């Protein structure tokens, strides 16, 4: 993510800072959090250093309740193991997720629809793809079993789409295979149901999902965006009736932690100029 | 097993020695052997110290390729771990068995039928048992997947029975559930088929199974028994046409190893008086 | 938010009717201090689901604490070749026994630990373990879905659809309320380090809804976190901690103490009858607490059981016949 | 009966058409020295079945070695956000990609390691990963049972019969010919000790019919057997051993060396086109052997990657943007 510097009173911050702080605020203390690579990892470590000192961090590659002192470049990084309760492998991480221990997972996506279905596999017809992406990774696995998942995404109209090219990660209305019948997530997952997408943090705003309908609504706008502008940036009809104002800005303490303590080398979060 | 002393030239030996040596001779070098508690453990360690120095010993409780220096009292004993390639748990032991790594397993039984079906669960009608025994333990699991299994048993006519009260461990003709249709083991196990009971070592003789029919035949008689006497000690028609003479006696080296090196405290093998 | 509780508090977390399981293997690392406490508290209607049984099961069954026992094996290894108390209660129809194979019991716990309702296997095909007539919970009418610990079927059978590998048996997950573990070390946040074979302890801890750890010692978390690869169970799988020295006695613990074979042999020999059990319990359980039991055993006997720290087992006990 | 072989002998054990998998996780502990050797040997028609992909897959795919790739993810983490070579070959229909989820791929290896034909799961229900229209091996007519590595179905669905837990998806085991591991230590008899996260290495080694271990060092068995609890893979699961220093380069290895991000970024940037890949391979693969590659990288760069032995990672590299 390129640095784009904004001003908040005396403070300079970048868009990545805003997203990181918004993501950190999704974490509650004592929660078990499944962390992916990149900005989410910084967000979680930020939460750990501020309001959620007792959160427990799980890295998919096999580190349980770790306390890294240097930011890992990936979840398989040697830096993940520092201070961990247990180091093992993927079996542990996924068993723990399916067993229902995980409160919160942070994930990414290339496309999202109004029910929170996310695509990270291929753009265009899957059988004739315009662009093959990285694939699912653990995105659907974590999203299947965590009580809440938060997606962090670049906001473009083509990405907030009426229908994702491919459902990589399950939202609130999904398909029951082998027939492909549309069905509510809650119903399909049966005893394994524990929740689902609870927020999308895009480069334009923060979005949540209606408990009943499972449809996305706008919660807060990032500085510089109106609800109407954001609605215009979605292919589907975005509910903007519940908007709760502006996304809270990074504080001085948060910016200090991000740029001086957690990611001083700007591995994932560029320094504001 | 009580000590009963016999004489072979200059050597004094007990029945347990004879069985231990017979069992040890079932092991070939470089094999992976699944060891239960008791006499089989002594037999395997005897083989390791004589003709099979490269055998690999697996203890069900989770020790892989161990080289204990003191005889373990059970497979969960702290003594199992000495010199092991890996110490872990039951998951490893049973996965390795089901994956098809195991060449040979030593097992016990209270009753056996002519097809090598073995009972260790209950004597009499299962629903109104005369005597509830220990239960299966890993007997059927090891026997399901090892290429060869050897059963060591006390020989009594009521134990060499036409039909075991309960099939705890599968022989060469078993039942296909849920209907209970009689079926050849090979057919039922499909891709998991790797072999089955290859010998029974009783207190009277050594028995093997016909490749085609899966029926038991007498291979060798222990000293003091004629084939006819042994046939009389079975409820089913024992094939004694293939008998190959007398069970080889323990050698001086074997007796030395059993009583001076492997089990000097006579934990499992009583000293001949 | 300390996880520390007392042995008595731990026993209170195992109510009448609880579905319970344990750490350890046959006569090793069983949470005996809590088992004695449950007998003292005259707990009833317990449902034991164990990868395999041992003295802990025999003690509880003899004391009449157990209504249902699902497992594959019971005994005291060298010190008692079968479970005489279970055998008596089975003959008297005072307990329901559901037999699975050893690997199947492990799979039941593994499935529960992995959060799936069943596991596939090809073990024990063709045996009477799979005989539908011998589905004892089914015969008792308990597979109607009313008891959340009892699945609707003992087994299901199918043919492998993927590789034509033959018959597959599906084994139901074990739905455990409480697992009680007995281990060498736990950190104050719950990290467990087990030395020696881990048996099925990792699966057991993850499978249960509540996990109670009896540890020989509570050690600083930071000490355990310096070497995360050696740790067996992570903090968040452990709900309660009891520091309890010799908590596994009379079973053994790798690196700490050996099995007290004399104690087990005495139990085995004296408890063939209910009167024998009651007499034994009057001597060794009811009038004592954990400290009292250890006093009665005495320092000399405990010292003989202590493991040699280089070898991890005792060199002072006589194990031979 | 030494298990030691050379890198070239190891490459010869992976013939054209081989079904292959690897140790490691994304950009960590991949057996790159052997991957380079397979490219040099112009191996063709490989069938990769990987818990997740990484540089090893991208290198082989770019070089045209791979016909089928079954996995869930490909990329270079921070150093290249997707698999550009795979993406190109997919668009050109020069490769068949079969998508599973990450947990499902792990389960496929776990099932194989446990000797069962499939594993149940409730992960990824409702997604297009389960869409039967997107069964690419099925569409290619390869699910007829002729290829022993390809199951008859991508998935099967059923309802949980035991606890009414809902829909269950059955995932087929992965039938792997050869696993190539890259680890820190192996004993001369085959015992493997892995430091740091073990990823899915234990499952991978047990799943494959033949397991080849590339180790930074071969150490005395006796040294490893003194502490059996630290060892990850037992002797009998390892068929061949290659002592190969920096065998994981340019991926990283816990406690030994970091990922060479510059190398991966350079690869990622240069290989969007086939011409770009061929040019890169002409520079970094074809004219070199393993020793030559390390020479070309140079001592300075290698020293910067060396891990600090207290921290287990390098403190000398620049990781930031």
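The letters A, B, C and D name the chains in turn, as written, and every chain counts its residues from 1.
In this text, a residue touches a chain if its C-beta (ideal position, glycine included) is under 8 Å from a C-beta of that chain, and two chains touch if they have at least 3 such contacts.
Since we're looking at a predicted model, the values are computed, not measured.
Contact with both subunit A and subunit C is made by D. Annotation: 27 Å between the Cα-based centres of subunit B and subunit C. Centres computed as Cα averages put subunit B at a distance of 41 Å from subunit D. Of all residues in subunit C, those that touch two or more other chains are 115-117, 121-122, 160, 163-165, 196, 229.
Touching two or more other chains at once are residues 63, 81, 87-88, 94, 97-98, 145, 191-192 of subunit B.
Chain pairs that touch, as defined above: A-C, A-D, B-C, B-D, C-D. On the subunit D side of its complex with subunit C, the touching residues are 115-122, 145, 151-153, 156, 160-165, 168, 170, 172-173, 175, 195-196, 229-230. Listing the residues of subunit D that touch subunit A in their complex gives 24-28, 51-53, 71-75, 77-78, 81-83, 86-87, 90-91, 97, 99-104, 106, 110, 121-134, 155, 157, 160, 163-167, 196-203, 252-255, 258-259, 261, 307, 311-313, 318-321. If you check the complex, the residues on subunit B that touch subunit D are 32, 56, 63-67, 81, 83-88, 92, 94-101, 145, 191-192.
By the touch criterion given at the top, residues 113-117, 187, 189-191, 206, 221, 224-225, 228-229, 231-237 of subunit C touch subunit A in their complex. Across the complex, subunit B meets subunit C through its residues 37-38, 59-63, 70, 73-82, 87-91, 94, 97-98, 117, 121-122, 126-127, 129, 131-141, 144-145, 166-170, 174-178, 180, 183, 185, 188-193, 263, 265-268, 270.
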